[in-house]
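Chain lettering (A, B, C and D) follows the sequence in which the chains are written, and residue indices restart at 1 in each chain.
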Amino acid sequence: MSLQGNLQPRGRPGPAARYAEIRQMTEALAAPLSAEDQCVQSMPDASPAKWHLAHTTWFFERMILSAAPDYEAFDPRYDALFNSYYLGLGTPFARARRGMLTRPSADEVLAYRHHVDAAMAALIEAGDVPLGTLALGLNHEQQHQELLLTDIKHAFACNPLLPAYRPAVLAAVESAPPLGWIDHDGGQVAVGDAGEGFAFDNERPEHVVSLRPFRIAARLVNCGEYLEFIADGGYARPELWLSDGWALARQEGWQAPLYWQPGAKEIFTLHGVRPIDPAEPVAHVSFYEAAAYAAWAGKRLPTEFEWEAVARTWPKEGHFLDLDVLHPRASQTPRMLGDAWAWTRSSYDPYPGFKTFEGPASEYNGKFMIGQIVLRGGSCATPADHIRTTYRNFFPPAARWQFSGIRLAEDI
Amino acid sequence: MSLQGNLQPRGRPGPAARYAEIRQMTEALAAPLSAEDQCVQSMPDASPAKWHLAHTTWFFERMILSAAPDYEAFDPRYDALFNSYYLGLGTPFARARRGMLTRPSADEVLAYRHHVDAAMAALIEAGDVPLGTLALGLNHEQQHQELLLTDIKHAFACNPLLPAYRPAVLAAVESAPPLGWIDHDGGQVAVGDAGEGFAFDNERPEHVVSLRPFRIAARLVNCGEYLEFIADGGYARPELWLSDGWALARQEGWQAPLYWQPGAKEIFTLHGVRPIDPAEPVAHVSFYEAAAYAAWAGKRLPTEFEWEAVARTWPKEGHFLDLDVLHPRASQTPRMLGDAWAWTRSSYDPYPGFKTFEGPASEYNGKFMIGQIVLRGGSCATPADHIRTTYRNFFPPAARWQFSGIRLAEDI
Amino acid sequence: MSLQGNLQPRGRPGPAARYAEIRQMTEALAAPLSAEDQCVQSMPDASPAKWHLAHTTWFFERMILSAAPDYEAFDPRYDALFNSYYLGLGTPFARARRGMLTRPSADEVLAYRHHVDAAMAALIEAGDVPLGTLALGLNHEQQHQELLLTDIKHAFACNPLLPAYRPAVLAAVESAPPLGWIDHDGGQVAVGDAGEGFAFDNERPEHVVSLRPFRIAARLVNCGEYLEFIADGGYARPELWLSDGWALARQEGWQAPLYWQPGAKEIFTLHGVRPIDPAEPVAHVSFYEAAAYAAWAGKRLPTEFEWEAVARTWPKEGHFLDLDVLHPRASQTPRMLGDAWAWTRSSYDPYPGFKTFEGPASEYNGKFMIGQIVLRGGSCATPADHIRTTYRNFFPPAARWQFSGIRLAEDI
Amino acid sequence: MSLQGNLQPRGRPGPAARYAEIRQMTEALAAPLSAEDQCVQSMPDASPAKWHLAHTTWFFERMILSAAPDYEAFDPRYDALFNSYYLGLGTPFARARRGMLTRPSADEVLAYRHHVDAAMAALIEAGDVPLGTLALGLNHEQQHQELLLTDIKHAFACNPLLPAYRPAVLAAVESAPPLGWIDHDGGQVAVGDAGEGFAFDNERPEHVVSLRPFRIAARLVNCGEYLEFIADGGYARPELWLSDGWALARQEGWQAPLYWQPGAKEIFTLHGVRPIDPAEPVAHVSFYEAAAYAAWAGKRLPTEFEWEAVARTWPKEGHFLDLDVLHPRASQTPRMLGDAWAWTRSSYDPYPGFKTFEGPASEYNGKFMIGQIVLRGGSCATPADHIRTTYRNFFPPAARWQFSGIRLAEDI
């Protein structure tokens, strides 16, 4: 599909301001980190913060500026270093070795950013920028904002000193709302993006699915509920688990969600170690744990279409990155969005009629449509203006380092 | 769901005769193999023929006979040895180590079979056998008949002597039919099993899906066509591949389907090494290769529902195990079934309203619904009376040792 | 060095009889095994019994018969299949895949043996056989006799049925002799082979080493003593262990020697499972365990030269394969030989002036002189006429599946 | 053995000055590195520069200061973080994860150093420091000075930008001296340390070995000679290699020493990429390559005792760290020391009568005496006053990231 985007949905500022705003946000997210912090890579799935800063810049350079007549690359050697996985654009530096790049330094990467920003500003000013690709680049950068946070969280958790990304004291929410349900009659439902605003290729085309009547939980499963699952032997009862999940949980010795400290009393957060708040949504669970929890609860996970059918009609409220609390929080009102991504019971398959973006961005999403599970709804680390009800996030079922949580469903 | 089966679909014999027929078929398939051949395990995914003979027997013993009042186990130690993956029934012997079981000997395993067969015959005669579970056991055994063949094929291919399972000379088909297409208007289509005959739990319940107009190829991709893909650099062009597939193909050095001999002139078959017949359906490709081929051809793979929508209405003809040619063969008429399983573009997710079988057989299918791709249509190694148009076979996308092939589709 | 051997040391029969005797011994050792047993390979370090039968035959074919004018190979395809590691003679079939060779069958391998035996007999009769190479081939075959036994023991131990190679009841020895010591004054000592009989290249040349005064235990450490080590936390105290050994013991969960059954009351032997006899020499320990035991006992392991200096002067008595008890047994008299190989504190380095055999047998020993430890003295599975006091056996320090035990030493 | 050391060998300054000098040297070596550079770990065998700075400090804190009555730890959490492998002193942080420690920062580690330095200075001033342990700590720190350089070299080589540790232009030496030889009559030779100065426990006790007549090369093999080995198929001829080395070279695709750039024209050095100088000693070869080269040259590697017998009597000249050229350089005079460590043909076994240091330092050397090869002579990255002719360095035979080279020997 062609890249079509609209940079001013819902009263947003013009492209130049929008570009500047999002780019500055990324740098603001990196600001609390030392040069050392920005360089570390804790596992192949995660990337250094510095790499995120550079790669998002590379994206604009390669997808837009390289076609501009007068643009000169900041450093031609960066082209391979900061290419993530675009094989049509060269041979990317090995993903698992990104943490080796002590050079360029954090300062040099900032200089690289500003070099590209100046060129982009000029191009936008001149009206020569393809707005669809610009929107893609900005949405791409927002995705990396969330990854920057989840990746540094993982790295800090590998350090016995357990540093806080941004120290803060969060009071526990006193009382959790009981679990409510939202009923849906099923039937023929349109899903996927049909709007004129920006959407990723994987959200298109809009199409009709047939749903049976169901209900979906009005909030995410919280830590108190998850503690009951643990206490009831949830991690020791194979009948609750998918076969691969059981094998993996055994092999890895899983006893609780990622970042729960031994004893299941405390949790490591971007704001430091704090007591587990029973009312807060559980996060950092794999799909396997989400599915096992649902089986234990006598429910199931919703399909991505069930989720979307309800979310379409629900208030677009939620706890996102903009709230500046980088951890899921209990809410007193029913919500479909924010706090933690909900694992769905849908594999990440292409929509009927799916077409990738044209040009080099064709590698953006399509080639990953295998072995992954769809997550919906955004998290406390997702920019609020980045999420949509048609948005399809995706991770392998074993992934735990994202803010991934559990929303239940059942047939009616 | 409860196990419901009908042992006499379409004029078949009664349960006792049906039981005897299928059980004898398994032994007949093992008969060309020496005791050594029956013991070998060439990879963790494959099992020794002797193990298949024993495990299918264990299934009847554990699912039916163990509840019979007077039954005495042949050897109580076999219970763990021949349990495949039923954690509710104990701790199975390690899958990857099945080839270590030189004892019990092939003769002892046959004695075990006959012990169980005698008890089953008595139970059937007495009318005390649960017919649904009996049907499950027989369908289970038929699945292992196919696996016995694909597993020994893999083992023999690991031996530089390349032994033939059953030596035979197969003449090449002189001319291949051109590729025809079957159009479908899409719309609301019922899929899944609603019949009264036997079906696996994963085929149920019947439900409606919305399809867009499409067409599907009237035959599988053949070796001649696949050779064009290879000649056109199919294995060297990352833009055709899913990301995981590309990485795996590089890592494993894939240059052609499994069992193609170096040079791509000859192919190892259960009947020995023979020249590649351009007209015969290509088989032993992974899902990754199937998807890359489809991308190269400018088409796509069908979803499992597109496949089923067409197959429901198409003649139930095909080349199955009963034909006794254990290799895909060119056909002059359009067919949806047989020769080679068609990889679909559908992940193996549960159907809406899916429920596992009740009792110990609940572990049969449901716990594997992750990380796998649906294949449809049966192969030259599938018993003809085992296949259905609602039948969902499933393997990980990297699997190549099954008779797995390619059927194209496209939007219209 | 040139291959020099003497086929009639100490009143043995002539070459033809000697050849026949040793070759028949190998077949006799395989006789209790079914075709399935002979085919199985339980780990890459071990080989199937059938492979031992074939490889020892290949050795005569390749080292002797292939130079004979009229010899015709039994099957030219066997040349790569049964080449172990002689890269100068082609590309051997992958070691870790030897268990895949269900073909040739056990019967065919026997036919192969007899084909080669007939040709060898004719050659010996004609006086055309190079006696040194013949001696090498026979000593080589004796090495594989021991390996055949240790390898099938490992394979049977992987089977929960724990089959006995040759069922037998062994009474425990009532009382163990107390641990005696043999003193040695040290000084300039000649070690290594200088004789005219057969020796491997790694035993040559004879040379002088300087020893300090020491004493060496007059028997191997027994199971009762080893049980004290276990009871005293031997497997849980890192200060007793070499660093690599500690890491490996943790990783593998070692709590006792290989083949000790959980609870440390019973032991799996080639004669079946039986109670641990405290008086019997402990076997199936790694070098790491031997060194940790010695540290715990306040002693050390002897160097290979200390061992040899004493063994040269000691009676050549011991419990070997010919005794037909395939398990270490307590002895009432001091012994340097038999029962179990003693791990020494000597790395397997070349002797000063070491030269490999000439010709294709140059790959026999020299290329393995890295990462291995010398063991001395032979075991209950070593043919009595195969051992010498200069004999250097060698295995990696982690190896446990040989009859490897512990003999202590200390400075005086 | 007890730790005995002499801090004023050969006219050196007193303990306080000596301590300050060596400690400052370490910081000077880290000075060219950014905080990012100091944090990176390129493989489990290598450590971050910051970790070296901290661990050497920990060593003084733990071995000396922790026994001082008034000492307060800088941060008690550092005790586990910067413990390398002393299991008697707690549970060290995982070696392979040292690169995760972005905190403490480089600045905090310097503050840690200065805290310990102040306490050490006071203790030395007060005359309360055990001089033997002090000498051990300083020799330990010098070992880490060399490792700091070899580890950062490895890290930089992983970065496609190939940063120079300290940019410099090195002119090639115009003419290489021909290879000369030093003859030795063999006989009874004393080896090992018997002096009153500091030596590691692994160098003791002095003892006598018997040597046969031999000669040893008067310089290391140079790159020009090694290029001939490559050109003659050195990396493609299995008959030259030890079996493990051949397998590893195949697996890793070795075609030249580490750090040689593709095409074998240029080499990465701590001073940047530069043309290969044929006259300079070849370095960064594994023991396997050294042994293969020697086999190709028709020579062999010397034993550690042959090397020592000659080095004892040879001028103590060589190119060491103090020369400030961090790369091997051709010399016009025969030398036994410096430039690159010489792989010997001696496994790292304990000397007869070997005793470890007493106390926590007992884990210093002894527990690594398995699976390693002795190297002798020091390198361009070894402090000149750190090396001795009795000095035994040791690494696994596969190690290539040290300045390890080749010195030939042969029998006469």
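Please note the rule applied: a residue touches a chain if its C-beta (ideal position, glycine included) is under 8 Å from a C-beta of that chain, and two chains touch if they have at least 3 such contacts.
Being a predicted model, the structure only gives us computed values, none of them experimental.
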| said: Which chains sit in contact with both members of the pair chain A and chain B? | reply: none
| note | Farthest CA centroid from chain C: chain A
| request: Can you check how far apart chain B and chain C are, centre to centre, with Cα atoms defining each centre and the answer in Å? | output: 46
| message | Based only on mean CA positions, could you tell me how far chain C sits from chain D in angstrom? | response | 37
| task | For chain B and chain D, let me know how many angstrom lie between their CA-based centres, rounded off. | result | 59
| field | chain C: positions in contact with at least two other chains | value | none
| Where do chains touch, given as pairs? | A-B, A-D, B-C, C-D
| query | Considering the complex alone, what residue numbers of chain B touch chain A? | reply | 85, 87-88, 188, 207-212, 238-239, 241-246, 287-288, 303, 345-350, 352-353, 362-363, 367-371, 397, 411
| field | Residue ranges of chain A in contact with chain D within the complex | value | 34-40, 42, 77, 80-81, 93, 97, 99-106, 155-156, 158-161, 163
